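In what comes next, chain A is part of two complexes: it sits with chain B in the first one and with chain C in the second one.
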Partner chain A sequence: MLGFIVRRLLVSIPVLFVVSLCAFFLIHSAHGDPAMAMYGSQLEKMRAEDQARIRTNLGLDQPIIIQYGKWLGGALRGELGRSYMDGRDVGEVIMSRLPNTLILNTAAMGLMLGLATVIGMTAAVRQYSWFDYISTFLAFLFYSIPSFWLALISILVFSVSLGWLPSAGISSIGGEGGLMDRLEHLVLPVFVLAVSHIGSYIRFVRSSLLEVLSQDYMLLARAKGLTSRQIYFTHAFRNALIPVVTYVGMSFASLIGGGYLIEAVFAYPGLGQLTIYSAATRDYPLLMGAVLLTGVFVVIGNLLADILCAWLDPRLKLEGSERRIAAHG
Partner chain B sequence: MVERAAMTTFWQRFFCHRLGNVGLVFLTICILAAVCAPLLTAFSAVDTNLAAVRQAPTYEHWLGTDELGRDIWSRLVYGARVSLLVGVASVVLSTTIGLGFGVVSGYLGGLADNILMRIVDGLLSLPSLVLVIALQALGNQGLISVVLVIACTTWMQTARLVRTEFLSVKQRPFVKAAAVAGASDWALVFRHTLPNCLASVVVLATLNVGHAIITEAALSFLGMGIPPHQPSWGNMLMGGQRSILAGAWWITMFPGLMIVATVLAVNFVGDAIRDALDPLRFYHGSTPKKTTKAAVTAGNEVN
Partner chain C sequence: MYMSNAYKRICLLLTAIFLLSMLALAGCGKQSNSPAVSKTDPKTIVLGIENETEKLNPLFTDDHDDAIFLIFSGLTRFNEKNEAVPDLAESWEISPDQMMYTFKLRKDAKWHDGKPFTADDVKFTIDQALNKQNNTEINYRFEEIKEVQVIDANTVKIILKSPFPTLLNVMSSGMLPKHLLDGKDINNDSFNSNPVGTGPFKFAEWKKGQYMILTANKEFYRGAPKAEKIILKQLADPNVRAVQLETGEIDAALIDPMQVDRLSKVESLKVSRMTTADYRVMMYNRKSPLWQDVKLRQALNYAVDREAMVKGVLLGWGKPAYGPLQESWADNPSVNQYDYSPDKAKALLAEAGYKPGADGILAKDGHKLSFKITTFAHDPVRVAFANALSTQFKQIGVDAIPDPRERGSFNIGDVETFLLGWGSPFDPDDHTYRLFHSSQIGKWNYQNYKNDKVDVLLLKARQTADRSERLKLYSDFQTELANDPAFNFLAYLDVALVTNKKLSGIKERVLGHHGAGYIWNVEEWSKE
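Entry: the complex of A and B
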């Protein structure tokens, strides 16, 4: 097991390196350099030597590879520079937003996986029943609904029309911010995020369980005279969940990305709102930091999913991760 | 239903999929409406009319007017042009990139393959939405830019799929036979291996059209996509957001429903294509291995 984890960790290093390259060069390929973003049209009115001084201060006169090296070195020590907009430390700003995003994503993922597992497995156990058809159709439907539109509609229904739940933020203005208040503000974002991802998971859980049920050892279990309950709970469900864990790992990026959009709609002060805001205001250090951290997040998520998978399915420890990915497309 | 005999053509199998037919009909109507937009609309999709701001649906304005008095039906019809164009154009582009990358990776193998796939892994570790937002916010805005940005952020899944398929097809006896018979490398790749990889690529590409439509809408919704005065479903949602607290539901409702219906139709067609391409699945309801793979490829959504 330890060997597997170490091997898997080593695979993560080049991936993280590519992520850091992306975060840096993506943003530096933009037209107009950071000095431009910082001062806007003011820059053109400045004297040439002032412009040069600003660029030197920002390190823009150095070759881009050196700039990348400096940024990466800083990032490894946890120094991501300062925001152009308000001069605050990027690391600090990100850390202040991180807990909110973690809470939102964990709650939504838990809810989504729980629901998808129950619905998908019921659909598979009762294949071709009305429940199967309805859940398959709903899965298709949820998969096709843009999450931000669902968020808008839920605000329209539950906040504007019914007035049951708040439409934005994480606590009431001027309120004490008690636990109930916080939870009330979480209900809509969590539900919308969970529902907007549930479609593909229902389909995946269903087909995964169907695959397990078609295996020979299921026939053996029946021939042995086990009851349906024993077959499902001791043999089928556990094996059917292994690919699901892999799938969670693989779709971790889209889960996080979806959460970012939801944060923007609900004005939820998390990492996603920060990313979108920093992109809109061209706050390069903040954007680079946020993109980098998002990538790190996803890599950690993948890693945990793989380790969990190897723990559930001992066969995987012996193979390279390459084989496993190939087996699942 | 055609008789489930051994000999059925792709199209016979395709038209057996009821929801696929519904999707195809819906998409055809959408395309026709988008092409004939001037014939179907009485009002301008761009001109504002401050005398008719936020009107609920009436006989004159079937679907109401938005916060600047523009007719929602007109904007919806013209917006279909943008959404469908972005959906198709970006997928053609991203599939081309993915095919090239995947074939090169699968053909070269070894260290080069390893490096290329680590690049794909790294890019897939960033949510495509974050990549899209970063690229789009910092670049030029507009239709072409949206197409390019979506294509540049969605080709990785295709590349990975093509490589996996390529590697497995390469091992099959008929390819080896062709190699023994003296086929050139060129013929081996483009004549024998690649065509046999295309089935699942077509399915993924269809699903990606839906993904691209949603991404365009998300970008425009955030104010980073199509310039706001141009009619696009995402732009309409952005405008509608400001009117939601005033209770003007129709501005947000109709473009959203159009997105859902279009993406649903695209996904149904994709499902029908998958069934039609895979005779085994067609005859036996499902082949578990394939459904697993399809579910994985279905997982690259944006919402």
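Entry: the complex of A and C
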């Protein structure tokens, strides 16, 4: 097991290298440059000569391969450079936002997965029942509601009309209020983020379980005389969760940038807003840092998914950790 | 069985739609009795801002950024009429040839860390602005300065390369403390997120992406501000700024004109229309052979219904434009304003030799009258202007194609026409010499405009001290600019400022672009 994890982490090094190489060249081939972005909306007020001067100061006049070499050299020493926009260390900027993003997204993912699993499985077990129809309808409804719209409506209802919850931010200004204050500010963004993803997951869980239920071994289990409870809990659910876990692992990385709209509406200082902003302002060092972090999340997400799948299904022995044992039927 | 399922589904659908619409109604219906009093502390003013400052350092802003404006101050400041008046400098003398400015500094001004403000700081600030290693965009302001001499701790002499009346405007730039920044890398120094200035408010705390807290500078040389604290809250989404005004979580913010109707119904709020000097034009780039013919430019100026554009594109939040100095003391309203007249436009086009082709598009010598209106794709207002122009030009047989492009993907000086934004509420020299003098071709004169009369007038106006003489020169300049148009002037933009009624002391003045400067007299603001 440990050997497997170490090997997987070693394989991820070239993966991250290729990611950084592609990202660097793609980012630098986009139109616009950081000097221009400094001027914001009235770009025409900056002279060409000042743009050129600032480009030179930032080292952007050098061949791109040299720029990449410099960046890579720094990255290997753990230095991701300084943000063009505010001059702070990129690692520091990202770390100041990462906890916020992780809290918001893990809470939303947890809520969403829990609900989606229960609803999706119930719907599959009771296929074509009232419950199935309601959940299918709601799944499509939530899937088609734009998240920013839901966010605005929920602010109007819960903050403006009812006055129950704060409309934006992560805490009251000045930090007074402590844990309860933080939690109050989390309710709306977590709710909206969970609801905006739950539709597709409900459908996914449902069809995954239906697929399992139609397998021959389900028929065998019934023929053996197992109770419905035993069939579902010991055989069906576990197997149905495997594709779901893989899917969650793959989308783990979207935790970073996926919440952008929600973050913007709720003025939530997370990585999504930071990444979009750094792209818009051509803040290359910051954008590279964010891309690299996304790469790390992809690697970790897939690794976790593999480990979890192996635990769910003992037939899927972790590759290379032990000799493959023939599936027992 | 099948029927009953379908029936159930329809019932469900209707129930769900009903429930959701109830939810939406709950949201809309209760607006008027929402808790719309100011929730913030009476000694604290909370401002909602769209974009956070990047670096809290006056070297890195060309607009008067709110936070920087509160923390820093300059030798001069702008009064209600946007004229430069004494601030850190208590007085100044200008040599008769307009080449030498001697500033007497206040003796009671201190940095927020208690150190006295001196002439060395002035020299240091100008040197840093001109230092090519600094990624500042305000260097151009000081380029006419030949030398800065520190006479004594409270006297500084600035010697110019050529007369430059805008110097008094330029000296409103915030001063930097030499004792904290000497020898440092100003681009990346931690000063930029923990600044020390001389302004009415001191920097206290900054939660990036959330808010910044500033506290009153009790020892401010112009008197302590009335409010004890100012909080700048970053709310990128205009809808959320509107909501927070309504709930009383913020006291003032600039909002999108789309929100005005809604917010003007909220009893606790006041909506103000603020005039700006920020205008939009279609620039005729003289590089294109089309625009060599003055009659064509004049014809297109007549072909624009500016009233309709203000209504359609700006939702009424603006006014028709006819010149670059409409919001200045130097305005000359008696120039040809090119009132909408398709007939005059057609007559001029005919005089210029254009005849309608088979497809209804005008043509001359086998060339169709067709051009692109290039603009920044990220600015919806400019794109809307380009589209509106295209429609209006089509009516007189001119084929103008809107061409929104990503910024940085083209050079403004290379396109046929460009939907340009410019304007400044300050000294008329600032935004006329740079834009229309032929010496600025390749710099800010993107349209490659060269008119000898204009050159002479603009140069003379910057070398003249007497205001009535300058007024005459600028009047003549505007007449000439209207006769030989460099631009097709479209509109000046207004901005909507919403404040809680509890907030008092707000004074209006003509603002810069994006409504920059509405907090210009913030030290007089208070809440009951």
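Of note:
By definition in this document, the second predicted complex is superposed on the first by the 257 of 329 C-alpha atoms of A that agree within 3 Å, B and C clash if a C-alpha of one lies under 4 Å from a C-alpha of the other, contacts with A are read in each partner's own complex, and residues count from 1 in each chain.
One rule holds in what follows: contacts are C-beta pairs under 8 Å (C-beta built on N, C-alpha and C of every residue); 3 or more make two chains touch, one makes a residue touch a chain.
Model, not experiment: these values are computed from the prediction.
Of the two partner chains, both chain B and chain C are touched by A:167.
Contacts of A:54 after superposition: chain C is touched, whereas chain B is not reached. Of the two partner chains placed by the overlay, neither chain B nor chain C lies in contact with A:90.
Of the two partner chains placed by the overlay, neither chain B nor chain C lies in contact with A:293.
Contact with chain C, but none with chain B, is seen for A:133 once the two complexes are overlaid on the shared chain. In the overlay built on the shared chain, the residue A:310 is in contact with neither chain B nor chain C.
In the superposition on chain A, contact is made by A:143 with chain B only, not with chain C. Legend: residue contacts after superposition of the two complexes on their common chain; A:254 is shown touching chain B, with no touch to chain C.
By the touch criterion stated above, A:153 is placed in contact with chain B and with chain C alike. Residue overlap on chain A between its contacts with chain B in one complex and with chain C in the other: 31, 141, 152-153, 155-156, 160-161, 167, 264-265, 282. The part of chain A that touches chain B in the complex is made up of residues 14-19, 21-23, 26-27, 29-31, 140-141, 143-150, 152-153, 155-156, 160-161, 167, 196-197, 200, 203-204, 207-208, 210-211, 214, 243, 247, 250-251, 253-254, 256-258, 260-261, 264-265, 275-276, 279-280, 282, 287, 291, 294-295, 298-299, 302, 325-326, 328-329.
Within the complex formed with chain C, the residues of chain A that make contact are 31-33, 35-36, 38-50, 53-54, 57-58, 82, 84-88, 93, 96-97, 128, 130, 133-134, 137-138, 141, 152-153, 155-157, 159-163, 166-170, 173-174, 264-267, 269, 273-274, 282. Here chain B touches chain A in the complex through residues 118-119, 121-131, 133-140, 160-161, 164, 167-168, 200, 210, 214, 217-218, 221-224, 237, 240-241, 244-245, 247, 249, 252-253, 256, 259-260, 263-264, 267-268, 271, 286, 288-289, 291-303, going by the rule given at the top. Chain contact summary for the complex, chain C toward chain A: residues 5, 8-9, 12-13, 16, 23-24, 26-31, 34-35, 46, 51, 54-55, 60, 62, 132-135, 137, 139-140, 187-189, 192-193, 207-211, 213, 231, 233-237, 239-240, 243-244, 246-247, 249, 376, 378-379, 406-409, 411-413, 418, 420-422, 442-444, 446, 513-514.
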